[in-house]
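In what follows, a structure is listed as structure tokens, so that the remarks can point back to it.
Each chain carries a letter (A, B and C) given by its place in the written order, and its residues are counted from 1.
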Amino acid sequence: MTTPTSSSTATHDVETLIAERIPGYSLAAPFYLSKDAFDLDIAAVFATHWIFVATIAEIPEPGDFVTVEIGSYSIIVVNDDDGVRALHNVCRHRGARVLLDPRGSVGNLVCGYHQWTYATDGALLHAPDQPPGFDSNCFGLKRINVRTVDGLIFVCLADEPPTDFDDVATRIAPYFTAHQLHRMKVAAQEDIIEEGNWKLVMENNRECYHCEGNHPELTQTFFPTYGYAPDQIPARLRNAHARFLAAEAELDKACTQRDMPFAAIEELSNRPSGFRIQREALDGAGESYTRDGSAACRRLVGELDNPRMGRLTLHMQPNTWMHFLSDHAITFAALPIAPDRTLVRTTWLVHEEAAEGIDYDLAKLTDVWQHTNAQDSALVARAHTGITSPAYTPGPYAPNEYQVNDFVTWYVSRLDAYLRR
Amino acid sequence: MTTPTSSSTATHDVETLIAERIPGYSLAAPFYLSKDAFDLDIAAVFATHWIFVATIAEIPEPGDFVTVEIGSYSIIVVNDDDGVRALHNVCRHRGARVLLDPRGSVGNLVCGYHQWTYATDGALLHAPDQPPGFDSNCFGLKRINVRTVDGLIFVCLADEPPTDFDDVATRIAPYFTAHQLHRMKVAAQEDIIEEGNWKLVMENNRECYHCEGNHPELTQTFFPTYGYAPDQIPARLRNAHARFLAAEAELDKACTQRDMPFAAIEELSNRPSGFRIQREALDGAGESYTRDGSAACRRLVGELDNPRMGRLTLHMQPNTWMHFLSDHAITFAALPIAPDRTLVRTTWLVHEEAAEGIDYDLAKLTDVWQHTNAQDSALVARAHTGITSPAYTPGPYAPNEYQVNDFVTWYVSRLDAYLRR
Amino acid sequence: MTTPTSSSTATHDVETLIAERIPGYSLAAPFYLSKDAFDLDIAAVFATHWIFVATIAEIPEPGDFVTVEIGSYSIIVVNDDDGVRALHNVCRHRGARVLLDPRGSVGNLVCGYHQWTYATDGALLHAPDQPPGFDSNCFGLKRINVRTVDGLIFVCLADEPPTDFDDVATRIAPYFTAHQLHRMKVAAQEDIIEEGNWKLVMENNRECYHCEGNHPELTQTFFPTYGYAPDQIPARLRNAHARFLAAEAELDKACTQRDMPFAAIEELSNRPSGFRIQREALDGAGESYTRDGSAACRRLVGELDNPRMGRLTLHMQPNTWMHFLSDHAITFAALPIAPDRTLVRTTWLVHEEAAEGIDYDLAKLTDVWQHTNAQDSALVARAHTGITSPAYTPGPYAPNEYQVNDFVTWYVSRLDAYLRR
């Protein structure tokens, strides 16, 4: 039954919707809701750009692997003798999923269906009972572009990844080399399936306009002035802003003494590999994301000698944000599952020699962001559900939501580039 | 993959299906099953006509609200100082759902995401941290047409509601003013999600052909001769019909003495605001919907002085039926969720001064219709499931199902009007 | 929103996909995943061919019925006085499902909605309260072609079933008449909903390439050399092959002595009613599917005098495989529910006079195939999930999977025939 209904989105095409977008406003509903838009997002965004999927701490030894799903892609990220490899988790025989576990350690990659056996570089080592003339070279696991930046692992499903990532890697690495991610271990990992479109997950993360009303634990240390221009601080936040300025002055000094970069680089919307990095002060004791701001782990990371190093925060389009603190690091990956469902994977990392129960208490380490994640998850669901109403129309971002607007602008420009390719 | 399959409904369009409808027969399967038809129903029926959503007893005080979902619309119905208001439950900032609770009481309407704050008339009172030039007048909650008829609340999502509703309101109100709905309170409310298309819910309700075989509790008082022409009473129902005629004679006399209208008005299919109203006798003690027909509440409603006033039954297209009895009232709202799911909300109302446990026993009050609703829910699921078979073809309504046919005729004419608008 | 996405399957049509199929390779992903392909499969395969649905042992007495679902069709298979009948389970009044139970026994078929009453041959016996002129003859339950082959019940939803089934029936019946299926009873039945496309269920069943790695219980008796050409037995299976040859020699002799056919007939892909039948030896004690190969039931079926009769295995396109053993029989029906869900119904049958607890232990009887079914179900899910990845490309069947290729070749040819009809 084909009918002209006013609520149908099928009569719009994406080019029209892109053309109609009002700068500074949220997107039209189909971008958040429709299966077509979701499929386009996977193709134009997630299968075209560099996507953060894991840290080296998750696969420290040769043979260690994680499997990651991006839309309906399943990807094996494995520590190969020659470095990190990314492979499609699809047997070349009849398409069975090769590895079923989310993580583990293997010698070779063996498909459990008919025992086709691949090396960790994807090469087909053995396929039982094949006829003469069968060419194993034609049936290796398909490889995916992968690269690491000081222990952060990114994959790109496209044959020709964005070339500007080299520049980004060069510029961000100096900010966190002192944290020595490759010498950290995973203390905890939490997967939340949020009931909202992945872009609403990212939009929610790109502003702290919602923090005062929703994140009582986080705002003990995260300054709620985030995103405000200095001359637009509202009266109710002036005390907080004064504390922020004092803490920033101290942090700048500590960084300068140690020759650690801290100034913001913000190129969120004007390049394929949009990003933002900055080291910023924390409130309270200024050391970590805890209720009072004191460190959650006694063993500092890397060679750091001072716990009051604030938060080094990295945001990369389209799917990650992360915080490097003196005592731990937290990475976040948003991985789309369906138009209305997104996996948010949070990983807490500490020094590889830190001992649980001695150097850190796991509950204290994860406390603030477990609460914050749960609160954010509810907000994302609230936003998504609201947008399902046909009465929704795009609304204006506030000035302190400029990074949300940057994300949306980046997103629209990437769709546009994809459609014109 | 686009293929010519015989079971596909996508090759039909609704105009063809309307043209092919056989009068007196049930609808073609796509009307009940397809997502396209569902979307059309929301647009052409539920977003175009007056829809019964609640009674004033649910929101007696200023600030009291209920939220109601019609398809993917979410609607706030709130008691404003100036009367009842209906607002789209979609924040004008980034589209979040403003109110998450199904009912409650508020001062202002505050979106929990970024604390945008609206008055109960929808006006935006406060949006934090906006730049100079931000015009609050442009960002109030979108208003929805709403009207009450002696305590029954109807909304219309269209900008231009059907104008014939004034006439309907004028003609039905005299039938139930004596019951003083505005002086009732909610004794109980039950939500059932029925596993069937909303039209099957309505069709099921529009006939009592199924009552003898399915509703042992209801037919203690509801005459199973409902819908039969007087000259077509089957032999097995002649005793029941004799009791009905005697009870009707008594009821007519009681109504006439009290100057209360009772005669049927039946304009089900020939107008946008199709309706039917009639006061009819009940079997047994003739007072209420209980196992023996005696009143379930000692405190009669309004100024009624006689418990034997039968049932005043109102049906309104597209989504409601209700019964006013001497001791209580029951309203029903059918609200479509998906092609195969419909919320049926049943509300039992008693005099605002009736005391539970003293004047009425809640279990006795709700007994008959809780059973009847559960039985009807199973029948609707049975009908829906059956129609999913490609072997289904429309079948003939029996003469005592003429109101089902009227409903379907109304439905088809409203689709037709919508498509030609 | 209509967009050109690379992962979309909507831009392919099935003719193109058929034309692009590489012989010897698995199918393109849309055949396994898309709703359009599923609908086409129901129409072109399941509503066009003879489908195995039950055995006479499930409905031994007049009035006994089972209801079976094929896609969204619901079918009543009932033992009528004149034989087995198949009827659409859809009331001709308003389409309600007539019988809700999966099995039972009835006098007439009564729809519980409005008590329309049908004979077991489908004739409408009574529809209450119809007007003069209502013609019951026009409203019988719609009949479905049905036929039995020595107790196996097949239905065909098409008006004109494939005519080559007569030939198949004539040729397969002599293989299993000695087992006297019509004198068996149901000992156990198990329904599994497998999380995969029905074709993956069939493909999985058509090879034993996966047996060594997955079926430790089954391979106690099922020779893992199944499907290998005699000159291609791999070294690791040579001992098994030697046992197989010895067991086959003995079996051939036993069959010849009893004038029982045993040679393979294999016409899997070149006719509408594709099939394969052969009596083959079992490993171990050679009597039945148990851990050691000894009989699970002391009472042999039919007039068999020797427990070492191996397995008579019948495979019929599109949806069944079954094994006749000296002590019991096992039938399997694969019934598609959705693109990614298939009901697999397994039925264990023993001599009607065999007594549970005396002649057979139910746990021992069902042990091997309950384990095997659970293992196969996991494999089907693994295959289906893997194919959902956009990285999937069809892969090559091994030589010992030639029957899988035959199934796929049959399938593609049947789609082709349907589309050209």
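Note that a contact is a pair of C-beta atoms (placed from the backbone, for glycine too) under 8 Å apart; a residue touches a chain by one contact, two chains touch by 3 or more.
Here the structure is a predicted model, which means the values were calculated and not measured.
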item	value
Shared interface numbering between subunit C and subunit A [over half = same, under half = different]	different
Rigid-body rotation angle, subunit B and subunit A, from Cα fit (steps of 5°)	120
Separation of mean Cα positions, subunit C and subunit A [Å, integer]	47
Where subunit C touches two or more other chains, by residue	none
Residues of subunit A defined as touching subunit C within the complex	9-10, 12-14, 17, 30-31, 34, 36-37, 39-40, 42-44, 47, 71-74, 88-98, 100, 112-115, 127-131, 134, 139, 142, 419
Residues on subunit B engaged by subunit C in the complex (per definition of touch)	1-8, 26, 29, 203, 209-210, 212-214, 228, 232, 234, 379, 382-383, 385-400
